[in-house]
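Note that the chains are named A, B, C and D in the order they appear, and that numbering of residues resets to 1 at the start of each chain.
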Amino acid sequence: MLSDGPTAEPGDLIQLVSPSKKIYFVRLNPGGELQTHRGVLKFDDIIGKPWGTEILSHQGRSFYLLQPSLAELIQEIRRNTQIIYPKDIGYILVAMSIGPGKKVIEAGTGSGAFTTALAWMVGEKGCVYSYETRQEMQNLAIKNLNRLDLEENVEFRLQDIGEGFCEEFVDAVFLDLPNPYDYLEHVRSALKPGGHFGAIVPTVNQLERLLPALHNHQFSFIDITEILLRHYKPLYQRLRPTDRMIAHTGYLVFARSTSSAQ
Amino acid sequence: MLSDGPTAEPGDLIQLVSPSKKIYFVRLNPGGELQTHRGVLKFDDIIGKPWGTEILSHQGRSFYLLQPSLAELIQEIRRNTQIIYPKDIGYILVAMSIGPGKKVIEAGTGSGAFTTALAWMVGEKGCVYSYETRQEMQNLAIKNLNRLDLEENVEFRLQDIGEGFCEEFVDAVFLDLPNPYDYLEHVRSALKPGGHFGAIVPTVNQLERLLPALHNHQFSFIDITEILLRHYKPLYQRLRPTDRMIAHTGYLVFARSTSSAQ
Amino acid sequence: MLSDGPTAEPGDLIQLVSPSKKIYFVRLNPGGELQTHRGVLKFDDIIGKPWGTEILSHQGRSFYLLQPSLAELIQEIRRNTQIIYPKDIGYILVAMSIGPGKKVIEAGTGSGAFTTALAWMVGEKGCVYSYETRQEMQNLAIKNLNRLDLEENVEFRLQDIGEGFCEEFVDAVFLDLPNPYDYLEHVRSALKPGGHFGAIVPTVNQLERLLPALHNHQFSFIDITEILLRHYKPLYQRLRPTDRMIAHTGYLVFARSTSSAQ
Amino acid sequence: MLSDGPTAEPGDLIQLVSPSKKIYFVRLNPGGELQTHRGVLKFDDIIGKPWGTEILSHQGRSFYLLQPSLAELIQEIRRNTQIIYPKDIGYILVAMSIGPGKKVIEAGTGSGAFTTALAWMVGEKGCVYSYETRQEMQNLAIKNLNRLDLEENVEFRLQDIGEGFCEEFVDAVFLDLPNPYDYLEHVRSALKPGGHFGAIVPTVNQLERLLPALHNHQFSFIDITEILLRHYKPLYQRLRPTDRMIAHTGYLVFARSTSSAQ
């Protein structure tokens, strides 16, 4: 995980924010530098500075040195691929009781945005089992997790979940796939009794197929939600929401694995 | 934290869900029983049952045995007091980079709903420092945390934060108080450089006072959001949102502690 | 339509608002009175008073005398039956270019809430053709429209639209029925070329059936929307949204009748 | 107002929609033509065609001939200036009981989008009194209204409403100005007793000033709302909301002019 000290030290992953709020994540290697449109920042001038400090580029432009935040790390991964958004991730974590020590299956890995959040939350004592069929996506995810030293909390599996999962008695299974309804028998086998199932699907048609499939496989306490997030402009004398917002990412579906009384 | 086994064992905190979806949290003490409008459930009949199992009351009504989930534990605390909602809690955790090992200050404790979520997420290696001025609220929170064996992750402080915080170099400070703008100097002293500030306020008037106060105390990267959560009825042949929803809980404000280049 | 004068005159439909904001619609017949939990209001004391005036009951409680407003008349009809809400009605009127002189078909009539809005907007030179199969619902609607002297703008038809419409070349057809997809051929026959089609359906399943049916019947420019309305508490020192809101009424669907180039 | 016939006739204002859904509003003058990136459309080929018909350009590309719709006329005016949106306009009309024959004051005129909607709804027997201080904006609005033959329903006034309104006993006054709270005394003088006041303001700060001002000027039944509109993609096999939406246009405020019992 990220360094714990009050200052930026050699080898730390750091977050530099430009005057125009552009965010750079870089490894603070001695002798290195970051070149931007607003000038160059030399890493040797940054090493030893407290987090939160303003750093001037050689052009005198004002950058800020921050310890990377989870939400912004996730957002950065988003730039390249379709990911689950922070607004959804936070709710998923709470709805599925994710926390330190938990064992969680995720499929597919994608570029590793949600994997990052899961690995962050389960910690060293937990484990994320992350399934993906495309080698290049898995490679990208591994690279993203490595950068944060979170890869030890994850078992990456290059495997089609149509063949089932390798694990049993996991606390939670989350599917981010077009056809989650096709894998529910495997999900039941991998989950501990009473465990948490979750999925995200973008269309109502997928919802309509997932719901009866959950019933058929004895999942109960089905909860379907969608989350709308609205930002405000931080101008206290002209306070108002931003003009535009994300209207839709996906429908979140949660359920618990149950079994009948004999 | 909660037991890790596949079955409900003596002394476990369990979640029983009635036919009408009413949720009971009870400690599974041998010889005990739960009396409900739908009949009696004897704990000796439950001990040893796998999580997720259907349990019949003496009237033959169908209950489900579940390991308590974080979201529902939080909701239960809500029944008695005003709390931060799961929709907000999830986003706060991600926005403030809460996770295993983090040190987090919270004020006020209230009935301990958000304390529960924080204690759950920081784990044994982390710590929540939770401030409250009302003895009876703190007692209620301690009781709520004890029940989940999460109290070891929390330092409860019966103290007015107007006198400052006891901690330094914490990763994050979250204020759920009517006047967060009055404590920002103390927040800066307690936070590690670059650390995360967060607050929830119900009215726009509080937002208008908080924003300039954050600027004056050198907080940057201010983000203001509100989260709307909409549930759907899980009927796949008549799929539609529920009729009503929560329209407002509060505005979430986040910022980072920063300092100028000399 | 409603009286146009500055004062409440004998025979006018008036709106009285109680101290607790309860709304009464009554006909101001000389010698009459309104009995409420907050005292009695004698109509002879009200006749001749300007609209907007505070009226005291015999208990000295404060009521307000208002000319009935369209939105509140609609809301009142809602109390007894499922109706289309003002938030949806306003958008429908604009989206379908309803206005003075327009000829509009509506099915079903229901209790006449939307009929009221349509009759209000098309005026004396326009006409609403309102279809319903249940006699008692039509009677209720007629009563509601009569009260506002709007019945002359409406042709009520007790007829199953499965047998087609009596009209041709109408400007717009709006269906508030469970199965709008079953009537599109009849809708085309009744609409003038290029005319406006609109419908409201509560579930996504109905949407999924309506969309291909519209394509098959050469409707184009399909627009699907949903409208969320949030109220704020009018307290300027503690300004915030209300706690709860309507999460869903229905999906609005609009299209235009088109035909191919030969 | 727009022509009432089933076919496009010489001199009609028509709406042509391109293959990429670009909308053109043009006057169908004999001998004229529309030049587009998808080819030329000669008006003599269009004259006499039924509304809704597909028209082929000289390149064989498919356009549709429609009678202009109110919502799209409003949207087109939007292209050039900041306007009130159809989602808000529809609700305002219903909330303020606008309809045929009503007398309504609007300030400021702006580019005439809301003026168009008001003129459309009050019809020939009603009147819109529209105030503006900038000559060039008024000219633009007059041009926009002329095009629809709606200018006869409007009295344009080039006048600062700080000097008061020329009218008395109007049914409704709507203010779309930065400082509606400064004109409430004039509004009361112009409104008939019990009449409808409405305003749109983009920021919460303006709301906070408007609310006490309304109280001070004896307006009652204050209602504050905001409207969120979400579109869906009309693909029945992959049905879902669009990715982005308008997050905020303004807060709508409504009130009634009242007076105390003596």
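Structure notes:
Note that in this section a contact is a pair of C-beta atoms (placed from the backbone, for glycine too) under 8 Å apart; a residue touches a chain by one contact, two chains touch by 3 or more.
A quick note: this is a predicted structure, and the numbers were derived from the prediction, not measured.
Common neighbours of chain A and chain B under the contact rule above are C, D. Legend: contact pairs of A-D compared by residue number with A-B, B-C or B-D; the interface matching in over half of them is B-C. The distance from the centre of chain A to the centre of chain C, with each centre set as the mean of the Cα atoms, comes to 47 Å. Centre-to-centre separation of chain B and chain C, using mean CA positions: 44 Å.
Rounded to a whole number, the gap between the C-alpha centres of chain C and chain D is 21 angstrom. Among the residues of chain B, those in touch with two or more other chains are 204-205, 207-208, 230-231, 237, 239. In the complex of the two chains, the chain B residues touching chain A come out as 1, 4, 6-7, 17, 50-56, 62, 64-67, 69-71, 74, 86-87, 89-97, 99-101, 117, 120-125, 169, 192-196, 204, 207-209, 211-212, 220-237, 239, 251, 256-261.
Chain D meets chain A in the complex at residues 202-205, 230-231, 237-248. Chain contact summary for the complex, chain A toward chain C: residues 204-205, 207-208.
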